[in-house]
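Going in written order, the chains are labelled A, B and C, and every chain counts its residues from 1.
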């Protein structure tokens, strides 16, 4: 049973990337990660987003895959941790052979740690 | 490994239903979905709930299955996304051969989108 | 497919312990559970914690396993439900043969239910 739990946790955690990894990569000359804001909301509701993120609502993602680059790794986020929208986007990306992760802290945690945000 | 991630995501997401699907169904003459508020709290703490929901605390659910209809599909929700109470209720319902899903946005997301709420 | 969902839910829920179980144990003469606050934040950011918890940030956990007791069962928590930090800690503990669970309500839910907290 512990093996079952451990395997489950490993798979669950393999879906995520943490903010330290993303922040460290952003300092590089040629960053590997591209952040996608997959919230299904207009800018006036969202108000702000993670600095440098590309707005690509989960509901539009399947039709906008041609805008993405197979050589990049995508990091998706939703309002808070534990929601399903990031996982919906992740499934779309992985199924189309893109490299992708969900941001483990979500927007709420990113803001809570006072990491860079930009207004919309 | 990507196959493992994809299978994991598909199973995870198969547990959930989104608010659009539930709202569209509620407009029908004979709605298929019945919303169950499974929060383990008295009305004075809950204060309000999703419009038309039936209060059925997760702790009481196993003893109240006879009140449910095998021809309906149940949609359970807790305060916020990512908690376990909805999944506890879902396991009880699926194990008793009911059709059921967890509401992906939970009460917090439902309110955040200004969807219909009623006072308790 | 329902079997797949049920198995998934059982494994998912087997990772968690609820606050009632933890609170009831704390009343015993020789409590079985030890609560670990695994938030990666300094005391001035955390401000308070669950009463009696031991601060053991997830980032330090792998190097501090010698401080733990194989005869106890560890209960880890993060700020809110649905984050990954508790699962990171849980994976470390289970992989090192400790008995461990994640607190299902997280700190947010614990406070929401007005359960015992202490200032830092």
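The rule we apply is simple: a residue touches a chain if its C-beta (ideal position, glycine included) is under 8 Å from a C-beta of that chain, and two chains touch if they have at least 3 such contacts.
Here the structure is a predicted model, which is why all the values come from computation and not from measurement.
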Any chain in contact with chain B as well as chain C: A
Fitting chain A to chain B on CA atoms, where both chains share a sequence, rotation angle to nearest 5 degrees: 120
Copies chain C and chain A - interface residue numbers shared by over half, same or different: different
Interchain centroid distance [CA atoms averaged], chain A/chain C, Å: 25
Residues of chain C engaged with two or more neighbouring chains: 12, 80-83
Chain C to chain A touching residues, read off their complex: 11-12, 14-15, 79-85, 87-88, 90-91, 94-95
Residues of chain C touching chain B in the complex: 1-2, 4-6, 8-10, 12-13, 16, 18, 80-83, 104-105, 108-109, 112
